[in-house]
Every structure is written in C-alpha cells, then in structure tokens.
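Letters are used for the chains, namely A, B, C and D, taken in the order the chains are written, and counting of residues starts over at 1 for each.
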C-alpha cells in the first residue's frame, strides 16, 4: 500500500498572457507535492467548480521550491472552454492539482548532443527538460543543446527569450516574423544530417502534424527520439483507459497504451498512429 | 411588438457579508435598465458560466441611478449552490441580470398606516418598499410605518440599522439577543388589535412558516395584506409554468398562478397553499 | 478540410428549410413548453426572426397542471413536472392565436391528449383555424400518468395516434418522440409509415431528484422531465439514429444553448432544431442561435444550410 | 422532521449492508471501468475503507478496445467508447487478483461477453478463483456492437444470460442493467426471476457529440456511453422504479460525486451505491462519500444505514 498521494490545493500566484492566446501561470502548492521530472504532467481543475467536469492535463513548464512552498509553472494555450476559463482566473484563485503524473523523458548519460523540437505550446515540457538537464551548475554544456522552436509568429519565442541562454536556440515561424520562414521540422531538416547520429538524441513535443513530420524525417535516420504525446484524458492516472494510443513493438505486436501512465513520453518509433495527437499548434 | 428588453450585463461593485450567511451586493447596470418598483425581482446569473444552469431570483433591495449607471442592491442569504457561489464573487465580477420582473406591492393612496412584516432575508423587498414609500421627501410620514423584523439573532437587524430612521422598527429574534424573544408574528400578535383595520395595510415577506402564521393571524381580522412569495423559478418571465402557486378567488375558483408574472406579490387571502414558500428564514 | 472555396464570398447564405410541406425561413424554433404562447418573448426578440413559433402543448380542455414544486435544477439540466398545464385548444385559438398571426412566422401548435379520440379532436379543431401552419403531436410527455408515455413508448400506439390525426388534417404533421424507449428508430419508422410528415425529438428523459434533508422528492410529482444541456448527447445520438432510419425530415431537440450546439444536430442530419431550456437562461437565445448559424455558413463559404445538413462524416464506425 | 431523538448521541453508526449474501462493511464501492483493477487508486486511499472493489469489465479473452479518441466531455458528463478493453479473465486472476486479496475488502468482478457461452465461461473460471466475492454481469455496455446491448435491452435475453451464469456459480450474482430501455422494471424483474441476487443500475446512456469544425463525431466509435452528474436524475428515477419492482437489493449507480448524491440513492431505496466518473475528478472521492454518509447518519441520530435505506416519503403522487 503506497497510500498518501492526493489532489493538492493550488493557489494561483500569477497568470498572465505571454503571447496572443498563450498564458504563463504560476501555482503555489503545498510542500508535500512531489518533485516532477521533465515530461511529467499535472491534471488541473478549478477548485469547487464542476464545469468543466474533467480536469485538464498540462505539462510541467517549470518547478521550484521556495521555503514551505512548491511553485509549479505552466504554459498553456487557450483552445477551448477549460483553458479559456483558466485564462480568466486571477491571482488568489484556487485550483486542484493532481500529480506529478506519467513517465517523462529519459536523458541517457551517454547522450552528447540533445536536439529539442518544440511546436508552439509544446515547448512546455521541453523547457523543463532543458532547464533540468542543462541549466544547473555541474550539468551539461548548453552548447550541446540545440533547441528548435517553431511557432506561428515571433510572439511566443520572444516571450521565452530566456531559453537562448541555455541552449543554441533556432526559431522557425509560420509567418517568417522571426528566424526560419516555415515549419520547425523544415528548419531541422536542413540541419539534421550535420549531426552525428551516435550520441545525439531528439526530444519533441508539438502538434500532430509536427510529430508526423518528425517521424517521417527520422524514418531513415537512426537518431533516437522521444516525443510527448497528447490525448484526451479523464483520469490522468491509468484508470479510465480513455487516453489510448496505438503502439507497436519491433516484433510487430500492436497494443493500445495509456498516454497518461505509460506516457506521455514515448519512443516516436513505437507510435503507430499520430493522428490523434493535437497539442496546440504553432 | 414591444421588443427591446434584454439580459443586462452587470458588474459587481460591492459584495460583502452583512451578518452570518447574509450578503449585501451592489451591481452596476447599464442606464437602459428599467426602474424596478418595490416587490419586483431580478433573475441573476454569473456571466459566461453554465453552472448553476438556471438564473436565481432575488428581490430588489434598493435601486438608484448615478450618472450613466443604474445601481442595483440585493440582500441575499446563502442557502445552496447558487447563493454560495455568488457570495464568493469579487468586485469586478460579471453577472447577467434579467429584470425588473413581476408585479410588486401596491401602496393604495388611502393607506394611513403601513405594517411591514419581514422574516430574515424577506426584509429585502420590504426595505425597498419602505424606502420608496416613506424615505423620499414629500412622501409619507415615517411614523406611519411600523416595521416588524424577525431574525434568528441580532446580527441581521443590527446590520440594517438604517431602517430605524425610516420607520418605527420593532425587532423579534429567535434567540432573544435583541428585541422580542420569539417570532415576528408573535410580536405582531401582541400589537395587532391596537391598529385600526381601516386605513391599515400589511406587507409581508419571509419564510413559509411566517407567512402561514401571518395568514392565521389575519384570518378573522379584516386588514388587507400583500405578501411576496417564493417558488423555484426557471424563466422568471411567465414562459415555463414552473413557479405555480395555488390561488383561490372569493368565488371559490381555484387556479395555479405564476409567481413570476402574476406575483411575486399576492393578496395573502388568495393563497391556498403556503407550503412551498420557503424564503430564507430567521 | 471544409475551407472556403474560391467562390465569391457568401454574405447571406440561404437558411430556409422545408419540413414536409412546411417552409421555414430558417431552421430554428423554440421547443414547446419553453416559449409560452410566444408573446412572453416578444419583448426580448423580434418574433419575425424565428423559423417558427411552437406553442405550449394544448389539450382539448384546459388543464391546471401539477402541484408545486414543479421544477428542480440538476447538473446541467432541470427537471420539470408542470403537468401539461394549458388553457385548452379553444381558448388558444380565441385568445392567443390572433396575436401570433400578426407576425411573419410560422405557427406550430403542439398538442396532446389522454386518448386517441382527444388527440383526434384537438387536431380537428386546429385544422380549421387560420394561422395554424403545422401540428406537432406530443406522444411523449412523461409527466402525466395517463398521458403521452404509453403512446410514445410503443410503435403500434404511436402509429395509431398518428393515423387518427392524419385523417383529420391536411396540415403538416410533426410527431414528437420520447427518448424513454429502447429503440428510437422503431418508433420513428412506425409514425413515418402512419403518415407523419416529420418527426421531432427528443422530449424530456424521465428523471428524479431527492431532498436528502426532508427525505422526499424535490418535485411534488416525484418524477419529472429532464431537459437542458445534460441530455444533449442522448438527443444527438437519437437524432442521428432517426435520420438514418426515416426519409421524412427530423427536427433535433435537446440541450441546445448556442449555434454550436445547433450545428451539431444539423450536421448529424436534423433538418431543423428546437431550443427549449436555453430560452430560460437567456430569453434572446433563439436569435443568437440563428445569427450564429449564419455566421458559421459564411465562415465556411457555404451558400446555404442544405450544404451543411447531414454532412457528417462518421468514418468506418458509423457505417450501418 | 427527522431530528435526532432523545437517544444517546450516535458516534459510529452501522454502515454495513448485505447484498444478496454478500456482506459489505459499507455501501460504497467504485463503478466498474472507473477504478482500473484497484491498484491504480491505492496511492490515493486506503482500499480497506471501501465496501468493495469493483474491477474493470473482464471478458474471456483480452480485448484491445476501440481506437482513439475514446472520450469526450459533455455538459456535466462525459462520453466514453473505451470498447471494454481488458486483459482477459485469466490474466486478471493471475496478475491482478493477488494484489487485491491483500486487502480486507470485497472484490466484485465485472464481466461481459458477446455470447451466452462467453458469459458462462467467464463465470465458470471466476467461480473457482479464491478472492472473488461476487460477480457483476454487465449486460448493458453500449460501446461494443455485438456486446451487451442486445442482452440488456430484452427481458428474455437478460434472463437467459442470468440463468446461464447462475448455473455456473454460487457466488453472489449482481446483474448490471442498461438504462437504454423503455421499462427498466421489466428487465429487473426478469433477471430477478432468473436467479440474480441483486441488480445494479445504471450503466451509461448512449450518447454522441459532433466536432462542428471537422464535421465528424468526437469519438472514433461515433457513439459512446454517457456518464457523470448529467445522468444522475435518470439513474435515480430508474433505481427508485427498480426498488419498487423487485425484492432483491438494488445498487444505485449514476452521477454520484458526493455523499449528498449517494444519499439520494440510498433514501430512494438503493442498498448500496457505486461511484464512477467522479473518481476521475478526485481520486479520493469514494472515501469522502463514505465519511459523508457516516456524518449524515450521526447528524440525524441514526444508528445504522438500515434506517435510511428506502426511507423516502413520496407523498400521494408516489403511490403505485
């Protein structure tokens, strides 16, 4: 019996727009909230409200402890009812937070160069991974992290300018207002053959078309790649079987796996269908 | 076609507890909001929220115009989900307000003495009636208004101390912490035969037991009495037939009438059943 | 996927639909019992905007309805046990219909009875009344013990009511179905065969709620009809099933609060929609729904609502 | 009305109930399919607190379930089309049951099949498995085309499934009913006569929702099962009807999120309750429901849950 986890009471400390339709939120949680690892997520709901009914999953964008508090940071895009209501909440507002949940990214010690590929708000878990793996003293050399960041326009990358100190940041925008004019995978395509597959690893998160393009790009290139997937979730903890993603093993076995429990991070080569992956796009 | 009415956008200016479980709220409305008359009510909902689903009816406690604004005041008791959520709203919060609705009190010019009988939050419409009929210059003499106010304890009457300047205020409390120790109708009972039935009129609002006791008290006393009733409402405007109250005519006809449209103010002698009248009690 | 084509931008798409002989300027109307006799809403909207006005259910004789409490809120819904209170069909024709005739909108009269003969006679009376454009037959109201439930729950009885009314009137005949059945398509096909020009669905689901302090039902009638957004998924499923089962038009009803909700029904194949409980939340809902549908058609470059109706792609799982 | 009497204050009322031979320490358990195989929730609560654990529906062979998207939120509810994905009854016994046996709580195994024979064989396998305390037979899941729907919608088929399982096992047999029927009492009485020790209801209502931008259903399976607070009034009505129709215990299910919700069912006559969708909103819901029921009994001076169960006063309208 490993009893003891619970929904945590969260208080919004800060909630502000970063770029059109994108918000950054800081939530104060009790010290008992466990340390999330990069790629893990939380299920969030407004405390005391029943609409929307289900909690919403968000990747951890950042996390620190300060005194008795745990501070959770989220980056989210307003796409519907839940995120719309969330964006209207003010500091002091009460949330219920379940987590940290799921299995995050694994950064093999043998990795010499990490390539990050973020599409839009898919930057959230990669930001946390980058900070945990490269930003702390004694960690890896920022020069070994190349961060490909695609967005609709310059606004979102501009608002996350702090990234550039932690890595070699390469930006692609759909409207060409900053960096490469095109998709992030288009940008990566130009570079990819310059990287030595040995010792390189790719970490991706973004809208379904991005993940598909990435899978295509890697089809005949032996670079390991972990992606964080999305699926509609009810429980976030493996109980409802709602968040199925079709996966395949090299032996040809086909199975639905639970994004919430066995993911959200998967080896891109195990995902049979990327069609239902819809993280807020650039 | 008398088109032109609509749900009005309201902004909470102030919302604070007056007494345990009782709140006073001021709502700013557009100038186009029509003047309510005493006894009329409004249907209120949190703007942009679907839970609770139905709007909630509240009597007008007071109403003024200031410049371009109309200021609506409500007095409410937290009894369930809707009023509970309302009590948590902060200044700046957005409401949708439909009204003014229903038929209010009629103050016959021939009335020389008005007796008000309020139970708990039932004071709301009577407060507005008192202010409209007695508080303005050139209006009636406050000495002609006797206001019987029953409450659970001294808290609610104490918070509405301003009433005493407008009338002869007589308080009854269930716990005896102020005024008469007992029900408001018990207090009235001791006085009632001192009033000359000719030229006297009674105006009541309160929980069902109070209204029933009042009806009993008046059974063989020919004082006219108007009471504001409550019933669960869906539309507030006569369309759903949800708010039925059984009424009878002197000719023995029995009919359901709509509290929202034909009331909420009725001649107490027309009400066949007072069982479903449940306004927040003392 | 359905992006605007290279055609001229559409500025006023054609919203008109035809319901088994009844031509409506747009597919949006109130649901019976939530719009009074129309006049109640006239100060909140221009009734001329509506596809039709559907009035509170009428019976041969006036009915006083159920004792209060009659309504109770439930999660995203409400229960009602109004008990089909109404002024009776003759008083309606004498006192309420003249007002409605002044508007350029269709008047659909909802009727019910406790016996086949009562249904028949109400229809007979309405048939001769100028200003009545169609009859909607409630074979489904769950509130009245001897009322609709028996008719709407059995295909044979549903067909019998339909046939008997069909004989009385040449007016477009809409039969309104109850969702409290095992197989909605069975009832829909039975009334189609019996001469209905259209079906409308759903009426309310029968529900109940209990006051745990008093330990008695919230409604004096014990059970009531559940309506509102809570029932929308059930309504939409049944409408989709009915659309595939019958050839006559289907009118979608149940939990519609916005143009987006209405579009779900139209895309699933409903020829028109009715808005019920949402009228209580905002009395101008109907007009907002109409405006929203028009805006959607424009945004999607559609010249008319016909392009939208039934355009759902259900993929492999939806094939019959 | 029901104020505490002059008796000693009650501090720990008796919550235990008996379900056709199955003794539970309290009447609260999870609904199948919302609690995994139990272990998923062990870090959020002490499983020993529960009246029983009810596991995800099991079939003879493992099932991979439906393609995604499998769930969609609706007003106060959710649609699911998981498609009864499960590891199969044998893997359950080998891999999951041992874990559950360590707890001092009853294990109820939910089963389903596509043929009478499949049902029968699953029951047969479970009958011999130590640590299984009761079988709940899902004759109602609406997600699988060839699955439960046909059995639960017809009294004769429902009875046949019940009988065939009854022959295989002496374990307490709970038959779980679908609400997608015209008359729930007909099915309840049929399975009672066929040997069920209890009935549980309701399973999900079949529903649907449409993505209006993509113009296709939100669920890959087109339709799904509606659960959550939205369906509570329908569930409560059917439970109340079933309680009056059968003598065996009735387990109430549908939209329960709190002790207050659970109390509605108990007062209406349910001997026990199951909590489904609400486990997703707060994984500690079940324990909160148990604590809340106990607090209510204390507040009302009741010595045990038996005083509460079926204590509803429905007044004149509720008389049969």
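Convention: contacts are C-beta pairs under 8 Å (C-beta built on N, C-alpha and C of every residue); 3 or more make two chains touch, one makes a residue touch a chain.
Here the structure is a predicted model, which is why all the values come from computation and not from measurement.
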| item | value |
| --- | --- |
| Shared chain contacts [chain A and chain C, defined touch] | B, D |
| Chain whose Cα centroid lies at the greatest distance from that of chain D | B |
| Rounded Å distance between chain A and chain B, as computed from the means of their C-alpha atoms | 54 |
| Computed distance of Cα centres, chain D from chain C, in Å | 33 |
| Centre-to-centre distance between chain D and chain B (centres being mean Cα positions), rounded to whole Å | 45 |
| Chain A and chain D: spacing of chain centres that average the CA atoms, whole Å | 36 |
| Per-residue multi-chain contacts in chain B, two or more chains | 50-51 |
| Touching two or more other chains - residues of chain C | 66, 75-77, 228-229 |
| Graph class of chain-chain contacts, one of line, ring, star, complete, other | ring |
| Every chain pair meeting the contact rule | A-B, A-D, B-C, C-D |
| Touch list for chain A against partner chain B, complex | 49-51 |
| Residues of chain D defined as touching chain C within the complex | 1-2, 66, 74-77, 79, 153, 180-183, 205-210, 212-217, 220-223, 226, 228-234, 236-237, 240, 255, 260, 263-264, 267-268, 296, 311-315, 317-318 |
| Of all residues in chain A, those that touch chain D in their complex | 1-7, 45, 50-55, 96, 98, 231-246, 254-256, 273, 276 |
| Chain C residues within the chain B interface of the complex | 33-36, 40-47, 56, 64-73, 75-78, 80, 82, 85, 228-229, 257, 277, 279-284 |
